[in-house]
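To start, the structure under review is shown below, and the notes come after it.
Chain IDs A, B, C, D and E follow the sequence of writing; residue 1 opens each chain.
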Amino acid sequence: MRLEVDITGKTFRSAAGETHEVLAPVRFSLGVGEVGVLVGPSGCGKSTMLRIILGLDRDFQGDVTRPPNARIGMVFQEPRLLPWRSVEQNVRLAAPEIDEAKLTELFRILELDAHRSHFPGELSLGLARRVALARAFAVEPDLLVLDEPLASLDDALAGRLREEIATLVASRPVMTLLVTHSLDDAVRLGDRLFFLSPRPARILAEVPIAIPRAARGEAEIAAIKAGLVRRTQGERAGRDVS
Amino acid sequence: MLRLLSFALFLAIWWIAALFVGGVKLPSPPAVLQVMMAEAASGALFLHLGATLARVVLAFVLAMSLGSAIGYLMGRVKLADRLGDPWLILLLNLPALVVIVLAYIWAGLTEAAAIAAIAINKLPTAVVTLREGTRALDRSLDEMAAVFAMSRWRAFRHVVLPQLAPYIAAAARSGLSLVWKIVLVAELLGRPNGVGFEIGVAFQLFDTPRLLAYSLTFAAVVLVIETLLVQPFEARSTRWRPRAA
Amino acid sequence: ADTIRLAVQKTGTFSWELATIRAGGLDKEANLSLEVTELASTEAGKIAMRAGNADIMLSDWLWVSRERALGAKLTFYPYSSALGAVMVPASSPIKSLTDLKGRKLAVAGGPIDKSWLLLQARMKQDGIDLKSEATIVYGAPPLLAAKALDGEMDASLNFWNFCAQLEAKGFRRVAGIEDILPKLGAKGPVSAVGYVFDETWAASHRDAVARFIAMTRKAKQLLVTSDAAWEKVAPLTGTTDAAMLKTYRDRYRDGIPRRSIDDEEADARVLYRVLAEIGGRDLVGPAGELDPGTFYHAVSGD
Amino acid sequence: MLRLLSFALFLAIWWIAALFVGGVKLPSPPAVLQVMMAEAASGALFLHLGATLARVVLAFVLAMSLGSAIGYLMGRVKLADRLGDPWLILLLNLPALVVIVLAYIWAGLTEAAAIAAIAINKLPTAVVTLREGTRALDRSLDEMAAVFAMSRWRAFRHVVLPQLAPYIAAAARSGLSLVWKIVLVAELLGRPNGVGFEIGVAFQLFDTPRLLAYSLTFAAVVLVIETLLVQPFEARSTRWRPRAA
Amino acid sequence: MRLEVDITGKTFRSAAGETHEVLAPVRFSLGVGEVGVLVGPSGCGKSTMLRIILGLDRDFQGDVTRPPNARIGMVFQEPRLLPWRSVEQNVRLAAPEIDEAKLTELFRILELDAHRSHFPGELSLGLARRVALARAFAVEPDLLVLDEPLASLDDALAGRLREEIATLVASRPVMTLLVTHSLDDAVRLGDRLFFLSPRPARILAEVPIAIPRAARGEAEIAAIKAGLVRRTQGERAGRDVS
């Protein structure tokens, strides 16, 4: 039961007719309980990769093997809520089996209690993103895919939700793929970090984090981050002179 | 309230116009009302209205459901669109008269033929409208439904249908009016009752008050249905939309 | 020349007459200039009249009387006494009108069709309420003609031209409506269809109207006497079938009114009462009697 | 290519059906084609088709532009909607026959009356469709236009119009077919030429090949316009939409 | 020529019929050349406040005086591009007077050159947000309103764009209102920071930054941030015991 990704290429044909190569060969795999983090410049192809991995885009070269019948929980980069259904209905539609207690708990954690009956059009963007998170959590996924889940949230809330993601990952056998621009999130949540190149994306570096998530204190995290910053700055310097 | 006012205004304009133009060219509201009452008292009004309404409802339901399904398919599946398009244009542009006559010829002067002919006339406009709606569907929500493994029916009901709702509303409203226009032709050509039949008779006698009495009664029925059923339902189902400032 | 505007149904017999007039130069002879609006349906003429786009069109005295009672001062001058007939397939067991009981009868023109009303009145005399004792199918005349040919109907009552078609196709005439009129009190053939025009217009164009009527009489005479004239209108009938053309011709000739206007009016009065009784107020409007001014009398030679 | 195939299929089915059913009930394609050719050779086809097309175009343009404007207004302004709604329902549900007869009576048997009557029949369905479209407009884009101080016209053209495009397309397609159905009635009742007139005549004579010849010629014209003009234009203007998988 | 904001209250009526108070009395003003930064928890009412300030929402209590005829450049929280217009057209429609050189320069800075002719549906979210930024810059605004402009961008790019915002503000007489969840952005760009309470939003603290933007080195910024963090943590602690 692993997620095996072996993409050899992906091109888009724009409406104007040009073709753009978006993904270079990308190959990695992810096991149960692992959190893979994709970090890369804006527009490099991260969301495209996620769409391919989830089977939403079949027009690519290569192969992706998902665990069969895996329940998927996904936080898209935009909330993608149904505007004509209330917050609660939006969650329930994705996770019909959820029980009331679970739902209440989820809304409490995400600080959405007051908004259960609101329509998405009545939410702030941050609230909407939280509903999207609630939806992904509610399905109790086997494969959790998060595309910048903590953007547009204030630091305090983002921190609390990061903890929640960690809790979820620890409590169930779930594979997680996280896209983020925040090194902090990456280091706190990830087991393996994939640093991607600009478009067409390929994996520049795969950095495993050996220390188990639960054991990462502030000091360890700072150390890992410092190491990564050195590394990327070295690379950037290298690029700049080339 | 405003609706009532507007309606009153309509009556007033009509009345004044009738006074100016004179009875033969435009009967006044009381003249028409009198005919309505007389026809209602004799029961003829209800008989004919009932017959027509039954046909309208059957043909409308048939055409709307089949037309919506075909339109959805054509909007979704490119192949279906390519194959169906010439037929669609043909059907759209076949005169009502021809369809009705052919239906009567093939299927006899029967109720079924009438209803089928009316439905065939309405069908393509529903197809066309729903096809546009389907083409305009938001694919990102489809992806969402796919990711969360929503069942087909669930996704259709909660993701697709609400997006199609305005198209369905448009197709239904203009479609009802089309069905109504065509049921009259069908009744005129080969049915022994119904508003169209009565209008045909009134037309032969050039009896404008009667012509108007029957026409307006149907319009009134639709107005009542709109006010009491459709609009409250519509208001409820579009609650989620941000209100205009 | 005086101008007269005519509303004419393109497929009707009036257009045959007009073609004859044109071909023979009768309009010039009568010093009339005819402005003809060809229309595609029977009712279009009434619209043209009401809209003020036509001076003369064809309709029946029943309607004219009704309109007069309602305030529109129209008037009527006989054009044709051809009426519908009850037709059955050659092998049909229906031999007489009484056999229609329990059969499926197609009625062209709907419940207020004159022929139909007269037939009902006639059957009532024999104690048969045809409307309830037979299965009546109303419909558009051409459609019912096609249906009759199809064998979908046991019998059909249609306009005379469609009956002519059926006749040519081997159908049998059980009875023409003109045949039952004597039993209903008429003394001779009654012209139900006539030229209809406005009384005031006629008053101000008295002479032109007279010339118009004289001219149409001539045209009719030509169609009766000259087969060459008839050949010319043949293409307008929409058929090339020789048998059918012959039937058309004979029926058309039979339908030409030959009685005096007073006789026509007297019979119309009688039949009007019959119709009023059977058709009720819906049909005849407020008046129970033929409106006195319905027939146009100001033509010499009647 | 596929469209052609589909069209060929239509012809084949028709032909086979004609062979089975027999001449009067369903004339075969060559019989109809022959009438078409004969009418074309005599010039009558072009005369009548031209007359009808001119009426169709005029009434269509009139009804679509006015109807769209009114529909947009009713979708935007609550008050207009409230006031206009009863009138709209009335107009929607007035039989074509009645409108045409009244128009002829009031305005005479004139070209203007015919075109106005046809336009009035089509108008409310355009209103209804565009009103739905306007109600479904995205307000956040309106806000964007307001913030960037886009001129009214600019905002309408670039922000609103593209959102209304599918509704306009639906209204136009089904509207053209409605206009075509009604122009025939108008011609039947009071015009001395046009396809409707010819169809009326053919119906009186029960000349099915002629009936079909005229009906199909018009459908063919629309088919050609669709294929050569509308669809390429539509493809261009919906380029931005994500393609279906 | 100041922006005077004096909102005494704002309530929303939800579709379900309940009313929510979103803004408590809020009063501040902003002069030309100043950058005001709104910082507050998700869903507190920041975007609502911006909409009121821009005149998009007139249903509130209080008064807002905008400089007359001010050209406005706005980056909404979502990109709000016209999907049926190309990237270039989207910008040109908002700024019809822009010349080609300016546009090219703008696209270069925002790294959008390759996407000029793309439709918004063909962009990644980060790219779309950059187009929204390009649009706001292109109008050469007198009043620049930015609702989380740098979310969804990678750190390096966000840093470069922050510099661009600073340059723009320095180069022209413009009033700027910035909403952000990033303390870093706030401190680097702001002249006055407004810390907002949870809904209904009121100003908890107004912190002016005395050091001119150009003179803020890394050391100064770190110092200011540290001060702010102390302050907010104090407050949070205060709230926690209450």
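In this section, a contact is a pair of C-beta atoms (placed from the backbone, for glycine too) under 8 Å apart; a residue touches a chain by one contact, two chains touch by 3 or more.
Only a predicted model underlies this, so the values are computations on that prediction, with no experimental measurement involved.
Shared contacts of chain C and chain D, meaning chains that touch the two of them, come down to B. Among the remaining chains, C is positioned farthest from chain E, on the basis of C-alpha centroids. Of all chain pairs, the one joined by the greatest number of contacting C-beta pairs is B-D. Computed from the mean C-alpha positions, the centre of chain A lies at a distance of 50 Å from the centre of chain D. Distance from the chain C centre to the chain E centre is 85 Å, each centre being the mean of its Cα atoms. With each centre defined as the average position of its C-alpha atoms, the distance from chain A to chain B rounds to 49 Å.
Centre-to-centre spacing of chain B and chain C amounts to 37 Å, using the average Cα coordinate of each chain. For chain B, the set of residues touching two or more other chains reads 25, 101, 105, 188, 203, 239-242. The multi-chain contact residues of chain C, meaning those touching 2 or more other chains, are 43, 50, 140, 143, 146. Shared contact sites, meaning residues of chain A that touch two or more other chains, fall at 15, 78, 119. Residues 140-141, 143-144, 146-150, 154, 158-159, 162, 237, 239-242 of chain D are the ones touching chain E in the complex. In the complex of the two chains, the chain C residues touching chain D come out as 9-11, 37-41, 43-44, 47-48, 50-54, 140-143, 145-146, 149, 238-239.
The part of chain D that touches chain C in the complex is made up of residues 24, 101, 104-110, 113, 187-192, 196-201, 203-207.
By the touch criterion stated above, chain C contacts chain B in their complex at residues 42-43, 46, 50, 63, 66-67, 70-72, 109-112, 136-140, 143, 146-147, 150, 152, 282-283.
Partner chain B is touched in their complex by these residues of chain A: 51, 54-56, 71-74, 76, 78, 80, 82-85, 89, 93-96, 119-121, 135, 139.
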